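In what follows, chain A forms one complex with chain B and a second complex with chain C.
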Partner chain A sequence: MLFPSWAFLLFLAVLVPVYFLVPKRIQWIVLLIANAVFVCIAGLLGAVFMAVTVATVYGATRFFDASFARQRETLAAMKATHTKEERKRKRLSFERRRRLVLIAALVVNIGILFVLKYGAAIGRITAGIFGTKAFGQDLALTMGISFYTFSTVGYLLDVYRESIPAERNPLKLALFTSFFPLLVQGPITRFETVGKSLTAPHSFDGKRFLSASLRIAWGYWKKLIVADRLLVAVKALCAKPDVYRGDFIFVEMLLYAACLYADFTGGIDITIGVGEMLGVTVEENFFRPYFSKSIAEYWRRWHITLGEWFKRYVYYPLSVSKPMRDLSKATRKLGAGVSRRVPVYLATILVWALTGAWHGSNLTFLVWGILNGVVILLSEELKPLYARFHARFPKLTESTFYRGFTVIRTVLLLSSLRILDCYGTVREAFSSFFSMFTTWNWGAVFRGGVQSLGLTYTDYAIAAFGVLAMFTLSMVQRKGAIRPRILKRGTVFSVCVLLVLIGTILLFGRYGFGFDASQFIYNRF
Partner chain B sequence: MKRKLLTVGGVLLACIVFFGALYAASRLVAPKYHDTLTEGHLTGEYYRETTDHDVLFIGDCEVFEHFSPVTLYNEYGITSFIRGGAQQLVWHSYYLLEDALKTETPKVVVYNVLALKYGEPQSEAYNRLNLDGMRWGAAKIGAIGASMTEGEDFMSYVFPLLRYHDRIDKLTKEDLAYWFSDGEPVSFKGYVMHTGVNPATETPQERYDPKLPGSSMEWLSKMADLCEEKGVSLVLIKSPSIWPVWHPEWDAEIEAFAKSRGLRYDNMIAENDAIGVDLQTDTYDQGQHLNVDGAEKLSRWFGAVLRDAYGLTDHRGEAVYDADYARLTERYEQEKQRLRSEEH
Partner chain C sequence: MEQLLDILRELHPETDFETETRLVDGGILASFDIVMLITRIEEEFDVVIPAKDIVPEHFNSAEALYRLITRIAEQDD
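Our next item is the complex of A and B:
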């Protein structure tokens, strides 16, 4: 069920009143049923995989809880009668069993994701090596599996670390895993926030409903007016790497930057808005990312929940792991700087390689991820140089001009890296990117070039207006959230804003017969 | 309390303005079918009729370009209307007939069988031409349900803005001229006039299934049931065009169907000599459709058939019909003159 579909709007139109009309104690059950319907409509196989995730994570986390309780009781009982060494051995035996269960649960859940995500690619590679028929070519990601797997694995690890207690009711865990707006393109959520919010009773609040409607409408606005319009041109540019080269690639970079922003943030706006409508708090996934002054800052503001997940569950544990500590020790003789850097470098590159791999099985994603890591590490290394430059030219570096320059530099840098996202092979992507520096063809771009991309000048004008609107709102947002300010001006004003958004979507959005109802770009990840 | 009332009033007013603006936008972007793609105007023109009809024609271009209600009236006093449409498929025809039979009961319904060769919805564009002008009711809902092709959705029929919003940058003077008005009729009681001459040449050969699709025959059967229920005589015809080809196997199947249901079936292709249609002079597109001369000849011949077979009343001399057809005849002759002078 696509967000931009009548089916989804109808689904929401039925769910919301039912949710608030039933007694509060069964609201979460209504939501669970709605999730089940949503998941089953998306495909029964997906429902089966999700059930496996819920069952294994529930079993494992309940085991951890029980194991911690038994461990505490046993160790307390042993305190008077056993030596410290014996107690340690006992503790380690508990830990070993928990680790085994954790590994088993991770293998099942990450395994399902791995097979669905990389099965077809592995099949092709194997076929290439052994000359056999490629297996697994019909394997495909099921709805939301990349997102809910990471959310539930996060929960699994939190319980394993005893950061949070295990949920006793498997249906509540199922509710967290299957919350339908999150299945489209995330964000990756945490059980102690979203999970608790999902099961809490909620009353209908007209103001909250209006606020949520505004956010949902703004999400659709970005998706249907800007993203889906620009996607036509981006697809046309990517489809013919032999034809569209040189300055066309610069145009592609900019169009894709705007398109992806509108698409991803639009989808997340709808997700958060739907959650808000039901009284469920969903984490923010963006914080004006295109205002970042460096790639590292950008990644703290774009797809925040994925970055946080990797930081919390991969980067930190990896950085302080025994092999890393050993490696750091081993490289001490090469100097303190090297010894300090090696684990950080390795962990950073590994996390970025995994981030790339999370996006897809294509090698382009892996290279994209590693390059992001490399740029971040390079920036870290160049920090002293920047500091000297800042000290030398304090007036310049504090000026608006310089801040604007760093923002534009960051956008161009990340857009350059994103070229890898647009093409099927690394070679095609690099060849297209570097053609920008060898082929000067602005004339061709503006003499019919942009018109050949499936959009009319009116489309470009509408998209430009949309981009300008997004930029203006982001500027205004720097002084505080916009929706509370709209709501503060009264219900009538808020309703008018909502109606203007809906009206412009209906008139200028790309939807309906003759347009591809396009899924969100991040849905394919 | 006062504040609450003001808020409710304000919201209501905003909604009224919003829906008003949407309605206006919807009317603006919807195709007007008046100066271009005029076939889309035909369905709606039926509702402008102020008098009943003895004969109702339904079917595709082989009815709305082949029969002249003006000739039928002026020659025989037969009152008629053509509820035809471009590529009007049998389920379109069925529901347009059902819609018409809600407000009138003609003595005869004439259905042209060519479209029976299509058993599945063909094209969204033709669905729109046939259904956009239809009055809302159970018949239209049924027609939409039966007609939708892949990718179409019901909502866009209810709210045309959802379908036509992409015309916002393609608006023409026609859209402004007929924004809130339907303008003059483009047809003459459903008849669309052509005056050109383009002689028939060879008949193109095509591969075909010797059996008509079961689904279209089912719809035909439903149409026969509907007419029977309403006490209307259903007449099946194949108008005298030589292409698209009407194959002998199809002809035999319709013949057998008509016989089994006790219906009249006239395959007019074989009657060209009797009708007087000469496909060297009476067609404007090489034998596919008739021009006005051909349509008048066919109407003269078929009018006599209908009058004799069904004893239709001669309404000439009845003031209400005379006045209606006098106005129509005047416009009809003017149009004929205009088109002919344009050709020269």
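Our next item is the complex of A and C:
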């Protein structure tokens, strides 16, 4: 079920009143049933995979909890009768058993995701090597699996680390895993926040309903007016790398930056808005990302929950792992600077390779990920140089002009890296990117070029207006959240704003007969 | 504590670590700095900070970090 579909709006129109009319203690069960319906409509195979995830993660986390309790009891009983060494051995034996269960649960859950994500690509590669028929070509990701697997694995690891206790009710874990708005494109959530919020009782609040409706409408506005419109041109540009070269690539970079922003943030606005409507708090996934002054800052502000997940469960554990510490010590003879950098460098590159791989099986994603890591490390190394520059020219570097320059530089840099997202092969992506510097064809771009991309000048004008609106609102948002300010001006004013949003979507959105509202770009990852 | 402050000053000489209480939340210490810091702490204090303790509340101030180091050192004994 697509967010931009009548079926989804009908689904919400039925769920919301039922959710608030039933007794509060069974609200979460209503939500669980709604999730089950949503998941089953998307496909029964997906429902089976999700059930496997819930069952294995539930079993493993309950085992961890029981194991921690037994460990505490056993060690307390041994305190008077056994030596410190014996108690340590006992503790290690408990830890070993927990680790084995953790590995088994990770193999099953990451294994399903791995097979679905890379099965078809591995089939093609082995067919190429052995000359056999490619297997697994019909393997495809099921609804939301990249997102819910990461959320539940995060929960699994939190219980394994004893950061949180295990949930005793498997249905509550199922509710967290299957919460329907999160299955479209995330965000990746944490059990102790979203999981708890899902099962808490919620009363209907008219003001909150209106506020949530505004956020949902704004999400649809971005998606249907800007993203789906620009996607037509972006797809046309990417489909013909032989034709659209040179300055067309610059146009492609800018259009894709606007399109992806409107698409991803729009979808997340709808997700968070739906959660808010039901009283469920979902983590924010963006913080005005295109206002970042460096790629590292951008990644702290774009798809925040994925970055946090990798940092928490891969980057830090890997950096402080024993092999990494040993490697760092082994390189001390090369100098303190080198040995201290070893964990950071290796962990950064590996995490970015994994982040790339998470996006898909195509090699372009892997290269994109690694290049992001390289840029981040390079800018980290250049920091002393920047500091000298800032000290030498304090007036310049504190000026609005310089801040604007760093923001534009970051957007251009990240858009350059994103070219890899647009093409099937790394070669095509690099060739297209570098053609910008060798082929000067602005004439062709503006003499019919941009008109050949499936959009009319009116479409471009509407999209440009949409981008301007998004930019203006982001600027206004810097001084504080916008919706409370709208709501403060009264219900009539707020409803008028909502109606204007809905009205402009109906007038200028790409939907209805003759148009296919697209699935969200991040849904394919 | 002075030893820890020295390590922190090596990373960010411009920051007043004795008073700052939002090192992570305020964006002064990024993940890159945190890993460098952990490596330095292991060198100087012979204390290994486990991944589960790498959370903002332990790194937001020099004092909180020092408490963490002391706690881990005591556990190791």
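Definition applied: the second predicted complex is superposed on the first by the 525 of 525 C-alpha atoms of A that agree within 3 Å, B and C clash if a C-alpha of one lies under 4 Å from a C-alpha of the other, contacts with A are read in each partner's own complex, and residues count from 1 in each chain.
Please note the rule applied: a contact is a pair of C-beta atoms (placed from the backbone, for glycine too) under 8 Å apart; a residue touches a chain by one contact, two chains touch by 3 or more.
Since this is a predicted model, take the numbers as computed values, not measurements.
**Q** In the superposed model on chain A, is it clash or fit for chain B and chain C?
**A** fit
**Q** One more residue to check, A:Thr149. First (chain B), second (chain C), both or neither?
**A** The answer is neither, since A:Thr149 touches no partner chain.
**Q** After lining up the shared chain so the two structures overlap, which partner does A:Pro343 touch, if you call chain B first and chain C second: first, second, both or neither?
**A** second
**Q** After superposition on the shared chain, which partner residues are touched by A:Phe508: those of chain B (first), chain C (second), both, or neither?
**A** Once the two structures are laid over each other on A, A:Phe508 reaches chain B alone.
**Q** Taking the superposition as given, does A:Glu162 touch the first partner, chain B, the second, chain C, both, or neither?
**A** second
**Q** Have a look at where A:Ser328 lands relative to chain B and chain C in the superposition and call it first, second, both or neither.
**A** second
**Q** Just checking: does A:Gly490 make contact with chain B only, chain C only, both, or neither of them? Give me first, second, both or neither.
**A** first
**Q** In whole Å, what is the nearest CA distance you get between chain B and chain C after the fit?
**A** 41 Å.
**Q** Quick check on the complex: what are the chain C residues that touch chain A?
**A** 27, 30-32, 34-36, 38-40, 42, 48-52, 54
**Q** For chain A, which residues are in contact with chain C within the complex?
**A** 161-163, 296-297, 300, 311-312, 315-317, 319-321, 325, 328, 339-341, 343-344, 347-348, 376, 380
**Q** Please give the residue numbers of chain A that touch chain B in the complex, ascending.
**A** Touching chain B: residues 6, 456, 458-459, 490-492, 495-496, 499, 502-503, 506-515 of chain A.
**Q** Within their complex, state which residues of chain B touch chain A.
**A** 7, 10-11, 14-15, 18, 21-22, 25, 124, 151-153, 155-156, 161-163, 165-166, 168-169
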